[in-house]
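Chains: A, B, C and D, in written order; residue numbering restarts at 1 for each.
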């Protein structure tokens, strides 16, 4: 949707090939498909050529929608993936996410974990805000505490923090975070833009209103912003890594219509653009000078089966399970998502330690051919996301295939959010939606506990067994043991079948590869396809 | 003096119309389910946050109070702030109006330059074999091809075949006059097709309406040349319906050619309005509608004034219907 | 050779209901300088014969037989420029409703100027005023500034005569030029028309139904009925000894001959009451 | 204008037969007939229309099995098109019917009553007329939820003001004529006058305006569906199919070609028939200037 969540894609390579073959869309040599390219390092969908001397100049990028947040430009409250990408150009977090969801240094040059509950971060020595003031440990402590105290939904993502302390000595700026109990997703949460480091000194002095203005330590500064129209960024000369930056300026145009972004890439007026329509891969196939890559998002689509509203047939767990079992996730991927996605369970399929979509109980259940005979179901969706609409129609066909009578109720997003999130109990029977999958397999599991997630209290019920399993998995360090713990989260969520994960959400990045050598990760948890913009190199001519 | 009184009266009626529109848009916008607060805050917000934002936006009071406050401010020229950007709505619209105005004027200009001569030709040839068939189908096609079909074809054509105009990027006329005009050209062309066809049809009808008049017969009887007759005796007399249409078209174009603006990513009033609808940005919806309505009302007064000047028999001065 | 030779002229109109024959073989000749009146009731075809002389039929009408010759030239064979030359140089029309035949959005002066300029004449203010004075307009400067709808019927007819006469036409066709005028203005206007024609030696074809006036101004009269000239001769003999029953009925309806207590019936009514002759005016369907 | 011809040509306000030798009109009527037949066939013949079920792969090019190819969900485009034509025509026709009823009633009452009633109707018309049409439609769609009902209501709101104005103008002309005045004086009840005299005299105007409203209706439905506020998937309408065709123009051109052509033909045919109707109701014998 224009406003809410985040993104995905995966085994897109093969799927994209298959798609082109069957549409006869003329796969031009040197075109856009990217089968597992042996030249690409693991974890990358595209890599900037380091041997190129960047021609500099402005980079033109088109994105599908603009940030639009109740708290303006304040990253601590940013809910939309696009906000994270845009704010991430100006602000830095302590850490960032690299290939394979590996946590990498950003504002923190390095970190240590002396024990399960202590994290010690050493800041980049040259880190400076764009106003010329050096980033201090106090800014980090202040920013993270500000997030914790903000009441923002992201404060909970940081886990059970006991203390954030400035442990600097001399010029070396250092911050220590102490947890009450072990919490593995901490680093992944710190990598997200809401945990960005703000110039706290200026904010506290009242010199900067972070909702109206952005002042960060990152690669760019804002030259101009026209809401829903465009952003102009300039390279931040004060950035600690400024020499590496290949572009001088970034012109970001908001173009809601897929056609406009496709046209921009085709006619060369745009060097990079994103698409949530998986068919963008085939639509860009054969376009001169354009490479389209699929970036697998950990974001995923899910179905909500309202177990709270007494008027909903899904108060009956048996029925929920039957619906869950009837749904053919691979069929959804193939038909609605052009094969450019993967089926998933609660833990996003492309994240380390995630459980497999076909490992949960419903996957092996074999519902009768007419298991839903006599059921009549109303399926609520919002209508401004073509992928969601496609998905809904496939879900409708599948449920009808099992004998149910399914009516699609398409409304605009405002009405949808009123009926799903605001109304208590939720004013729907079955609904479809999606949310971000983040950078750690256990982060999104938070949403399966309505008591902490809140937004789903109108249609899902808290379950002690599931809540306990979620907490247990989050405390375990990454590895086999945690994978097993997450498996039980997946199994329990699947059994309760209130929020039923379906498939990851596709994202396609189109690159004008004759003008730009770009780095794009093959997997992403925060929808930030501009994450590696510092490595981009423009090509002369 | 009489003219002034007439204009005054006409403007007063315009104000009544505007008040009607103000009422309609205000309450219609609030009939739409989905509060600004829930749209803006997203799914993860708590009820307290929603309530707080609703109170902050003044949306918790009863509708009539809200309307009173709003209309009170509107009278002083304050249309409120956009919920999304926090900026005064008028500033936001002022930023987008030049873009839309350029587009509208270009489209209308093309439409009149093409449509009027075409319409005159059609009227003159209405009685001839063949001539009428071709032009009827052409102008019929013009009003039958939806702008979203034509626009998509143009976007595809210009983005796949290098034709000298890039359409992936839009430059505002305020940023660069020449580039602004060039990038407005294609969307203006797409818009002008319908407008030109409508103009041609109206012109044809108007000219045919004049051609039955005795003074035309008299001119023909005097052996005057056809184009002299058209110039001296037809055009002026046929211009009132054409002007009326032009005003309607201009109001429509300025009110936001939503679809074309979207297709070509033109940052104009139309696409802004559409977004505001999605986000329940009431202040923007209201201001944009009021703007379009003011344009409409002013245009209709101007057209009536012009009609009086064009045809001295139409003495609507003093009469109102 | 006569100036106007209309021979066995058939004119038809296409209408949604089929073809209508407005002239069904009309024949009429007129010499230079002659004054001829054509009389007949509405729909008899007299207007059609008037317009046929200039090939000015409405677009749905056309010649279906016979010929119209003006000065020996068959107008049916003229190309468009030729037709325009004929109309510009030879013909002058004086309309029934003068206000309607003036362009309502143009001042009288402007319209006169257009006509004069078209003929390569002097379009100065003074020259235009002079033209108006010639048609007995007292305050020409004021009239030049007016719009047609601001003129009285008589005034407008004078302007129309001025426009027609500015071109010194050899044939003046006046289609009931006084029908829309007050009785007292009628005489003046007719006088103006015939005096102007006298001056230039123009042939006058006057379409009228006013037999009293016809008797006064014309030496020759043609009577039309159902698309044919049914009687044609010196006014005196036609009025005194009508041969065709239709002419007789027309005469009976002349205001100057009305008698109290004598019922006046039109010829058509008479025919209808006798369940009369076959209808040959309408052809086809 | 001459005698008999003019007299015969001017019988305003009554519908005359559409019998004609005009080839354009003939083609237009045939196209319209085919489209109406197609829309009925899609609804009435069971099995012919299964536009909501996946029957093949995504974006299959036209073949024997699927003569117009398949769409993004592997549905047969023939079936989708049949359903789309049906939806669009049904919706538009219904909307125009509503418009005609409302506009005729309002226009006649306003013309007959005159005075403040007329003024009020005209002012309300002005308000709707001055409201940007697409936004009016969007507001309606958002308020009652996107879908066929919203599209229908939007079309009605967009088309009513103009038609009311035209009917009112025509009816005012009639209301001033002698036979209405004499009917009034002789005490004929107002409703009787309105129905017997005004309604019959404006019927031509209503029919002509109705055909124009029909073409506007098809366009508005298309625009609304294009913006996502009209007919909702999995149902089909011409506008919806066109908007899908737009996206896949490069890889699956058959969708736009089929839907776009149908839509253009539909509007064109309706417009041409409207033109022909008007030419017959308000014949104009223009002078040939040359």
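What we mean here is this: a residue touches a chain if its C-beta (ideal position, glycine included) is under 8 Å from a C-beta of that chain, and two chains touch if they have at least 3 such contacts.
Chain labels with UniProt names: A = Solute-binding protein family 5 domain-containing protein; B, D = ABC transporter permease; C = ABC transporter domain-containing protein.
The structure presented is a predicted model; accordingly, all values stated were derived computationally and were not measured.
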item: Central chain of the complex, centres being mean CA coordinates; value: B
item: Between the pairs A-D and A-B, the one where more C-beta pairs touch; value: A-B
item: Interchain centroid distance [CA atoms averaged], chain A/chain D, Å; value: 46
item: Computed distance of Cα centres, chain C from chain A, in Å; value: 88
item: Chain centre separation (chain A, chain B; CA means) in Å; value: 40
item: Approximate Å spacing (C-alpha centroids) for the pair chain B, chain C; value: 50
item: Sequence positions of chain D contacting 2 or more other chains; value: 1, 142, 246, 250, 285-288, 290
item: Per-residue overlap in chain C, given as positions that touch at least 2 other chains; value: 59
item: Sites on chain B at which at least two other chains make contact; value: 32-34, 127, 152, 156, 160, 217, 220, 262
item: Residue ranges of chain C in contact with chain B within the complex; value: 54, 56, 59, 83-89, 91, 93, 95, 97, 100-106, 114-115, 118, 147, 149-150, 160, 163, 167
item: Chain A residues within the chain B interface of the complex; value: 2-4, 60, 62, 68-70, 72, 79-80, 151, 153, 212, 226-230, 253, 255-257, 259-270, 287, 384, 412-422, 433, 435, 453-455
item: Residues of chain B that touch chain C when the two form their complex; value: 127, 213-215, 217-225, 228, 232-233, 236-237, 310-313
item: List of chain B residues in touch with chain D within their complex; value: 13, 16-17, 20-21, 24-25, 28-29, 31-34, 123-124, 126-127, 133, 136-137, 140-141, 143-146, 148-149, 152-153, 156, 160, 208-209, 211-212, 216-217, 220, 226, 229-230, 251-252, 255-256, 258-259, 262, 270, 273-274, 277, 285, 288-289, 292-293, 296-297, 321
item: Partner chain A, residues of chain B touching it in the complex; value: 32-35, 37-47, 49-50, 53, 82, 84-87, 92, 95, 152, 155-156, 158-160, 162, 166-170, 262-265, 267, 271-272, 275, 278-280
